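Two complexes follow with chain A in common, the first pairing it with chain B and the second with chain C.
Up next is the complex of A and B:
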C-alpha cells in the first residue's frame, strides 16, 4: 500500500485523531475500551503477519503472550528489573520459543497446524499451573503497585497506557507495511497460496515461515508484558488464555486477513459491538449478548470470508470497472 | 556440447509400487528432450525426483555438473532448474504480474528490478494483456502461460514442462508449440512431458519412453515411432502404418 494523495492525508488525520483521543475523552471506562481495542489490534496485526499473509492459521499465539507476560513479571519481582527491559526480554523469549514450536508445528498443514499450535499454548499453561516454585502456580501474583513510576511502566491514569499501546500498534503496522512491500511480502502470500509452487520457484518456504513466525511471536510477547502491567496481575489462566489466541485470529479474519489495516478495523468493529451489546443486553437474559455477538461473527465469516477489507476492495474494483465500462 | 542434465539409475518406490526403476538419460545443453509414456509410467515422478520434491531411493541427478539429489526444491531452482506443474498451481489471489514477480525475486531482491524482469517474462509468453488480472480468473492456456512465465522469471537454464499442452484445443497447441520453440531458440534446455505426439514431434529432437517406471526406448522421433516396443506399450498399432507427422 502506497501512501500517496488521499491515502496519506487520511493516514495523517487518523494518527492525529488517535493521538488526541484521550485528551478529548476523559472518561476512564471509555479509555479502557480504547486501550483494549488497540491492544487486540496490536496482537491481531502481529498474528496477521503469519496467519494472514502466509495463511498459517495459528491458534496458539497465547503461548507468546503468556511467555512475554511471565518473563517481564519474573524479572521484575525476582530481580527488580524494569518491565521496559523485561518487555524486550519477553519479546526475545517469545521469539526463541517460536523456533521449537515452529519446528514441531510447521510439519503440519492446514487445520492440523492450527490444532498443534493450540496444544503448545495449553502445554505452556499447564507447566505454569503445575510448577508452583517456579512462578506462583495457579494463584498467580499481583504486581506491587508503586504509584506513579514511569520507569517501572506504572502510571496513575490510564492515558499513558493508551499511548504505550498506540506506539506498539504503530510499530506492528510499520513492520507489516514494510514487509508487505518487500520481497518477503510476496513470498508470504505465495506460501499462503501454494507451498509446492513457492518451493518450485526458489522460495525457501521453511525459512520464510520460521522468520515471520519469529517476528510475529516477538510482537505478541510484547503485548503480554503490557497487559500484565496494565491489569497488575498475572496467573496462567489469564496469561495463556485461549481467548487471546482466538481473538488474535478473529479480529484479523473479520477485518480481512493479509491486509495491513484488517486487524485494526476488525478489532474496532468487534470490540465496539461487544461493548455495546454488553451495555444494551447485559442486564436482560444472561449471556444473550454473547449469543448475538457469535451470530454477527458467523454471518461475517459465512458471507464475507475476505473480511471487511476484502469487501471494500471488491467495491472499489467494481466501481472502477463500471467507470471503465461507461 | 556439454550435458545439461544427467540422470543415472534413478529409482523410487512408493510402498510396493516401483514408480521409477533404474532410469537413466541425459540431456545436452540447448536440446529439447521429450519424456513420453502411458499414464502412470513415472514421468511426473521423474520430474519430482529431479526437482527435489521426492528423494530417490537410489541413483543420481546431475545438473550442470552438480549433484541435485538431497537438495530441496528451492535449492534446485536456485541452481537454474525450473518446472511447471501438470495441474497449474498459480497463486490464485495474486495478479499475473505479482505471480511472476514472485519468481523474479529469486535473482533480484528489489521490487523495481523484479517488476521489470516480470514484465519481460510476461511479454515473452504473450500474456501482456492479462498483466493485472487475478491468476484465478485466467483461462486454462493462460494459466499454463503464467506457469511458464513464473518459471522463466527465475532465469533457469533448464526448464521442465509437465504436460503444458494437456486440455488445449488444436489452435492453442500450435501456440504452445511455437512458445516452446521460442524458449529453445533462446538457449534454454528443455525437458517436456507430453502425451500429444503431434506436439512432441514438432519440438523434441530426442525422446525417452517410459513404461511401468522403466525406460523402454530412447532415440530420435523417427526411431521412436518405428519402435515395435513403443508401439505396443504406448502409441498403439495405428502408428505402425501412419507416418510420423500425420498423427494428431
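Up next is the complex of A and C:
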C-alpha cells in the first residue's frame, strides 16, 4: 500500500490536524474524549493485527491490558521505577504472557478460541482479586500524584497524555502498515481465509499466529500502563475489564476488520456516539452506552460485515468503474 | 465433602439445562449462542415479576417462561441467526455476542443492577438425609431439570421432528435431501434451547437472585461443560454439567467463597492443554 497523490496529502493533513487539535481545543472534557478515542483506536489497532488480519477473534485482550497496567504500577510503587520503563517492561510481560495463552487457546478455533481467551482474562482478574498481599487485592490502589513529573509519566493538564497516546497509535499504525506490506501480512490474510489451506501451501501457521499474537499483546499492554497513569488508579476490575476486550474487537469490526484505518474510524464513530449519549442522558442510566454499541454492532454484522471501510472501498470502486465507463 | 458434592450436583442440574441448550444449538444450527445466559436471565425476571405481581410460584411460572422463550427462540432464529448461516466465523460469533450485550444492557436500563429475590414457602426448607442437608428448592430444581432433560432425550429419539433434528445435526446436506426442512428444524431447535434456558431461570428463582449479569455465570459454565462433554452431544453436556457443579462446589469448599469460577476456568484451560483434539479439534466444513 503505497501512498500516492491524494492519499498522501490526506494523510499529511490528517496528521497535522491530529497534532494541532489540543492547541485549538482547550476544553478538558473534549480533550478527554479525544484521548479515549486515540486510546481505544490504539487497542483496536493492536487487536486488529491478530483478530482482523488472521481472523483469530480474541475476546481476552483485557488480559494484556491488565498485565501492562499492573507491571508498571508494581514497578513504580514497589521499586520506584519510572512508568516509562514500566511501560516497556509491561509490554514485555504482555508479550511473554501471550506465549502460554496462545499455546492453550490456539488449539481451538472460531467461537471456542474466543471463549478460551475470555477465560484466560477472567482467570487473571480473579487471581489479582484473590491474592491481596501481592497486588492490593480487590480494593486496588491509587497512584500517588507527584504533580508535574514528566519523568514519572505524570503531567498537569491533559494535553501531554494526548500526545503520548497519539504516538502510541502512530506506532501501532506504522507496525500494521509494515505488516500489511510484508510477507507476514499475506500469511496472516491467508490464515484468516482458511487455516488448513494456509498450512497446506506451506505457511507455518502456528508460528505466524504466535508471532502476531506477541506483537498484538505487547501493544495492548502499553495501553494498560498508559490508562493507569492517566486515571491514577488501578484495581483488577478496571485493569482486566471485559469491556476492554469487547471494545477492542468492536471498534475494529465496526470500522472495518483487517484494514489499516478501520479501528480508528470505528472508535471515532463509537466513542463520539457514546460521548453524545452521555451529554444528553448523563451518566445516570447504566447500560445505555453498551446498548447502543450492541445495536451498532448487530447492524454492521447483518448489513455490512466488512464495516465502514468496506463500505468506503465499495463506493470508491463504484465511482472508479463509473469514471471508466463514461 | 459429601455435602459439597450434593450441593454441586443439585446446581449442576440447572447448569445442565443451559448447557444442553447450547449444545443443541451448536449441534443442529452450528452456532455458538453467546446469549444463552441472557435467556436464563429473562426466565428469572419473568418468574420474579409473576411472583411479585400475582404471587405466582416460580414452579408455576415455569409454564409461562418456557413457552415465552420458545417463541423468542423462533424469532431469534428467523430474524437474526438465519441471516448469518453459511457465513464465516466473524458474523456468527459476534451476532449472538451482540445479542447478549443488547439484552444484558437493556435489562440494566429497565431493571437496574439490583438483586431481586423471590421467597417461596420452600425457599428455606431443607431435608435431612443421613447427616446431609438437602435444600428443598434446589432438589426440586434438580428433579425438574432432569425430567426436562429426559424429556428432550425422548423427544430427540422418539419423534419424527426429534429424529429430523438429530439427522440435521449429523449431516445437514443429506438431511435436506431426505426432505427435512432445515428452517423449521433450526427454528424448533432454537425454541427448545431457549425454553430450557427459561426453565433454568424459573427453577433458579426460589434460591438464586436475579440481576442483569446473572446469565454470564451460567453461560460460561455451559461453554465449559459443552467443551468438556464434546460439542453437540446432549448426554455429554449433561454429565459434564453435573461434574462442573461438583467441581465448583468443591472449589468453594476448599479454596474460598469466590473461587468457584476460578476452578471452572482452570478446568477448561487444563482440559484444553491435555486433550485438545477431542474437543473442538474436528472442525466443521
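In this text, the second predicted complex is superposed on the first by the 310 of 326 C-alpha atoms of A that agree within 3 Å, B and C clash if a C-alpha of one lies under 4 Å from a C-alpha of the other, contacts with A are read in each partner's own complex, and residues count from 1 in each chain.
In this section, contacts are C-beta pairs under 8 Å (C-beta built on N, C-alpha and C of every residue); 3 or more make two chains touch, one makes a residue touch a chain.
Computed from a predicted structure; not experimentally measured.
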item: Touching partner for A:276 - first (chain B), second (chain C), both, neither; value: neither
item: Which superposed partner A:129 touches (first chain B, second chain C, both, neither); value: second
item: Contacts of A:205 with chain B and chain C, given as first, second, both or neither; value: first
item: First (chain B), second (chain C), both or neither touched by A:190; value: first
item: Touching partner for A:10 - first (chain B), second (chain C), both, neither; value: neither
item: First (chain B), second (chain C), both or neither touched by A:181; value: first
item: Those residues of chain A which chain B touches in one complex and chain C touches in the other; value: 196
item: Residue ranges of chain B in contact with chain A within the complex; value: 51, 53, 72-74, 77-78, 82-83, 85, 89-94, 98, 101-103, 105-106, 109, 111, 114, 150-151, 153-154
item: For the chain A and chain B complex, residues of the former touching the latter; value: 181-183, 186-187, 189-190, 193-194, 196-205
item: Touch list for chain A against partner chain C, complex; value: 55, 57, 59, 104-105, 107-112, 114-116, 118-120, 122-123, 126-127, 129-130, 196, 246, 249, 253, 257, 285-291, 293-295, 297-298, 301-302, 305
item: List of chain C residues in touch with chain A within their complex; value: 32, 34, 80, 83-84, 87-95, 97-99, 101-102, 104-109, 112-113, 212, 220, 223-224, 227, 256, 258-259, 261-262, 265-266, 268-269, 272-273, 276, 279-281, 283
